[in-house]
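What follows is a pair of complexes built around chain A, which joins chain B in one and chain C in the other.
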Partner chain A sequence: MTSYKPIKLFLFRKLREILPLFLIIPSIIFLTVFIVGSLVSLFFYVGDISRAFVKIVSRVDFQVAYLRTLRIALIVALITTVLAYPVAFYVLHMNYRARQIMKALIWLPVMINPIVRGYGWMIILGRHGLVNSLLLTLGIIKEPIKLLYTEVAMIFGLTELFFPFMFISLLSAMENISDETIMAAYSLGANTFKVFKDVVMPLSIKGYVFGVTIVVTGCSTAYTTPTLLGGPQNATLSMLLADYVAIFLDWRSACVIALIILATVLIVSEVASIIVKKR
Partner chain B sequence: MQTKLVTIIAVIVIIVIIGAVAFILYPKPTPTTPTTSPTPTPTGAPRTLVISHWGFAWSKIKKIVIEPFEKKYNVKVELVSGRTAERYAKLVEGAEPIPDVIFLPDYYMYRAAKKGLLEELDLSKIPNYNKLYKFIRDALSQSEVSKYGVPHTIQDVLLFYRSDLHKPVTSVKDLWRPEFKGYIALPGITTTTGPLFLVLVSIAYGGSVDNVEPGLKALEQLKDGIVTFYLRSADLMSLFERGEIHIAPGLRYQIGALQGVNKTLGGVIRYVIPKEGSIFTLNLMAIPKNAKNKDLAYKLIDFWLSTEVQRKLGEAGVDAPINAEAKLPPEHYYNIEGVTKNPIYVKPEILASKLEKWIDEWKARIQA
Partner chain C sequence: MMTTLGKILMRAALIVVLLWLLFPIVMPLSIAFSESEAIAFPPKGFTLKWFYNVFEYESFVEGFKLSTTIALLASLIATLLNVPVSYILTRFNVPYRKVIERVFDLPILVPQIVLSFALLIFIVKLMHITSFVALLIGHIIIVYPYAMRTVYAGLSNFNPEIEDAAVSLGASRLRAFFQIVVPNIKESVLGAFISSFMISFNAVAISLFLGVGNVFTLPVAMLNFLVMKWDPTISALSFMLVIFTLTLSYLSEKFIGLAGGR
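Moving on, here comes the complex of A and B:
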């Protein structure tokens, strides 16, 4: 190193400053061209969407689908919260090896195609499915109840679909809390519940907001699972969008719906983070 | 730090601007000028004929139609496959390769014809056309699309039901029998079957091909008994297989799809032509205006309608033959003799003017 002349060192320093810029350029290009660019090009392709916007928003089937999508997304977010927080907290207390195994087990379903999982739920929730047979044998019900092709089935399927995402984002946030903090809380006499409520939860709230954003985004854009488990009578925004793209060939309306989904998801995640910041 | 941020933002802005400009300047696909005379090719080098088809059962079609045709006329056939809406969109955009023969349901063909995308056909170049069932030729001639497309198969609405659990079904009104409550699947209104079924119910309850109000009223009564609305044949199959449904209206080609399930269930799914009549639609072949090999396209269309090809396609379970000479044995599900008794054609003009309203009404009153 000492053999470098000052001029060379100067050049290296310049390079050190410039190099990172070059390294991030590919990702910037990717983001702008394919994501921002495609959004921008959408407007050039479909032209003025204001009239299509009014038309779509005033349609009853859109309003119903919008409320249904939002309702299901929020319910699923709530259920995954209730389910994932304790599980993540429990896994956090495991040793390293057990924790890795648990992570792998919980993450495993994500690697299975949603279509397969959708059909799995159809078998479980169907008229002659697991749930109905069980309830019938136990004598709780006299006739099979309708579970499949309802919103309940959609909520089941989506909860299963997005639980791992919520779990992972919570766990990573919790893992960032230093062990000393938690130990300090215990040594000062807090019980597990108090540690969870006063230490872990506030410190993992950022991961939680991230998880909620993923779940709400995922539920609002999911197509396969709601179609298989809810059917056209429980149409969500993605199903409506698919109709406009593939059946009516009405790009303008499809574009309007896509933008509305995007706006809704942005608003929900923004609201979630505002609530968190206030606390 | 500040300069870096500014540089990054500047790069983003520049890329967005370049992207936007590129999109504005991007040449819109323009239809290529139609070649008036087919380019003469030296013997030996086969010409290429592009056909746009669903691609279902293509291996069978290839064996029955394409290979003999290729041999006979020294052509190489190229397939552009895809779903109806997809291929229709491609036709409208003028996407390459431009098909020489396109296969679409009559309603889409009508829309393409209205946009001026199709060649007006010279039926004298399709001698086999006269072999088609008379009721089909008569039905099609009511529509303007008859100038641009010739049918290659028919789809009529049937009722599928579990014959082991229920008394024979004869009428579409049997859907309202209390025993079927909670065991019914209907086609989604956005499928091909949906509007045809709506017409069928309307006729049963005193309406007509273009007055579906009685049908919608009747279906409102049925609403609570419907398990779900299916969008694809596979859904229908799976619903029967899982015992979710005992009855569903469907199209004739779906019998083929149901065969596998029927085998596992022991042949208990029967199909019946409703006594109200056979509501049908036609799948058409046509030549796009800017096709490059119109002479060969005519030859393929005629070949497709020939008695032998039609019969073989029927026997193989690909398409129901509409060539009256291509008779299938009476027990074959693609034998359409039963349809000739009371055929009711829903011509594309009706769908073009009413479908949007029907979809809205159906979504608001039945599928909600």
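Moving on, here comes the complex of A and C:
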């Protein structure tokens, strides 16, 4: 049987080509089973979903937390926008070494333990903290003002955490604009502001949308920083979810809150990707 | 080239940002040696007693052990699972590529707080998996995308023709992988391992939800401590953690930098 051997060899080769593809399978099974499985089990655990949904949505604590979460996320997005554009543009003009140092410094808050960061803000904003003792010594205030456990404290902490993401997305978008384009604008007589407004900003819009998506979704789902700086009276959605699990022991409502958080995040990312595709 | 006013404004923005971002990291360090019992600024005197306190507080010691164990195992498993995946996705024409890439986006798409609670219901309540294993599964999922990003980048930067040359000279794909590819991507794999370790070590929400019973990772123990009382013990611990983080991120930067520079 001479004609049999090549076919066998062919099949053997084909098999050896396909075989490595199976190495993807453990990861796929692991991630799909646990992520999709657990999300599906949220639906099963609720039981009558429409009733549970109406129950939680009509509660005042939920409405307040939802609005507070969105409000904080939007304010942080605004602050990071206003600060990240000039800073990224400035860092873009630095030499390679200085730029690397700036990137590492600005990225640092993301690497640091969130509790250490939150605790740092407690020392700054607390009753006997840095800001209060400074204002007291200067005679601006008579007694300590309440800064910690307010929305302002949460905004400070979340801005620290999410600024780096906005900065890195903007900077990498700006780095992708060719030097010639910027040089051309300068040599045609544009000043820094004009170059920034008419060249850099429109060409980095995708990076901006990407950055703002991370900031908004990140702020709406952050847990540790808002818990440490906002305190129980300023609950966000994530904190409310944890409360329903650990304090109220109402897991059905917690499931609905989890699904609402997930839906909100998915809608924001979907809208962002539509905007990016249209450009 | 830049106008003076624009330059001043941009420099001001940079200073504001650096203060805003770095001050809260420096503050805990500044009062770690303070003799004052209360958390107050400015610090008074000099003492090392808060550092002794850290080691005498059992939750911190046990939490550190648990966090390190979980972080080591989770990063090791995530990196090992990921290396073949990144290798195949960068080298082969995979059928249903779009769908497969969607699966690897899942851990980023689903917020950690939602995933934590969903996993609590799925693996602890419905599957009755023990807390330690549940915690490990959760941590593998949250570090997976970070491991993948670094390994994938390392493999994309490695020229596949070198490997093809080895295969055409008679090496099997497997041998080419271990003798040619692995030595060339080991920095990115190490970088992936270190950054995954950091992500896992610092994760709060996932450990809070899945660590039922008396299983507290270090961040959870710290969170509980801060809710109960305020004293500079936590400053001393913060001091050590910041040094720990800086060392690890320096190492990971070095490895990823090396791998990226290729």
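Basically, the second predicted complex is superposed on the first by the 218 of 279 C-alpha atoms of A that agree within 3 Å, B and C clash if a C-alpha of one lies under 4 Å from a C-alpha of the other, contacts with A are read in each partner's own complex, and residues count from 1 in each chain.
Note that in this section a residue touches a chain if its C-beta (ideal position, glycine included) is under 8 Å from a C-beta of that chain, and two chains touch if they have at least 3 such contacts.
Remember, it's a predicted structure, so these values are computed and weren't measured experimentally.
Set side by side, chain B and chain C differ in how many residues of chain A they touch, and the one touching more is C.
In the superposed pair of complexes, A:83 makes contact with chain C only, with no contact to chain B. After overlaying the two complexes on the shared chain, residue contacts for A:123 are found with chain B and with chain C alike.
Once chain A of one complex is fitted onto chain A of the other, the partner contacts of A:148 are limited to chain B, with no touch recorded for chain C. Touch criterion met: A:233 reaches chain B, while chain C stays clear of it.
Contacts of A:24 after superposition on the shared chain: both chain B and chain C are touched.
In the superposed model, A:60 makes contact with chain B only, not with chain C.
By the touch criterion defined above, A:202 lies against neither chain B nor chain C after alignment on the C-alpha atoms of chain A. In the superposed model, A:41 makes contact with both chain B and chain C.
When both complexes are aligned on chain A by C-alpha atoms, chain A residues 21, 24, 28, 32, 36-37, 41, 45, 119, 122-123, 126, 128, 227 touch chain B in the first and chain C in the second.
If you check the complex, the residues on chain B that touch chain A are 4, 7-8, 11-12, 15-16, 19-20, 23-24, 83, 85-86, 88-89, 92, 182, 188, 190, 226-229, 231, 238, 242-244, 360, 363-364, 367-368.
Those residues of chain A lying in contact with chain C across their complex are 16, 20-21, 23-24, 26-28, 30-32, 34-39, 41-42, 45, 83, 86-87, 89-91, 93, 102, 104-106, 108-109, 111-124, 126, 128-130, 133, 156-157, 159-160, 163-164, 167, 186, 191-193, 196, 217, 220-221, 223-224, 227-228, 238, 241-242, 245, 251, 254-255, 258, 261-262, 265-266, 269. Every residue of chain A that touches chain B in the complex is listed here, in rising order: 21, 24-25, 28-29, 32-33, 36-37, 40-41, 44-45, 59-61, 64, 119, 122-123, 126-128, 146, 148-149, 227, 231-233, 243, 246-247, 249.
Across the interface of their complex, chain A is touched by residues 1-3, 6-7, 9-11, 13-14, 16-18, 20-28, 31, 38-42, 81-82, 84-85, 87-89, 92, 94-95, 100, 103-104, 106-107, 109-115, 117-123, 125-126, 137, 140-141, 144, 173, 198, 201-202, 204-205, 208-209, 219, 222-223, 226, 230, 234-235, 238, 241-242, 245, 249, 253 of chain C.
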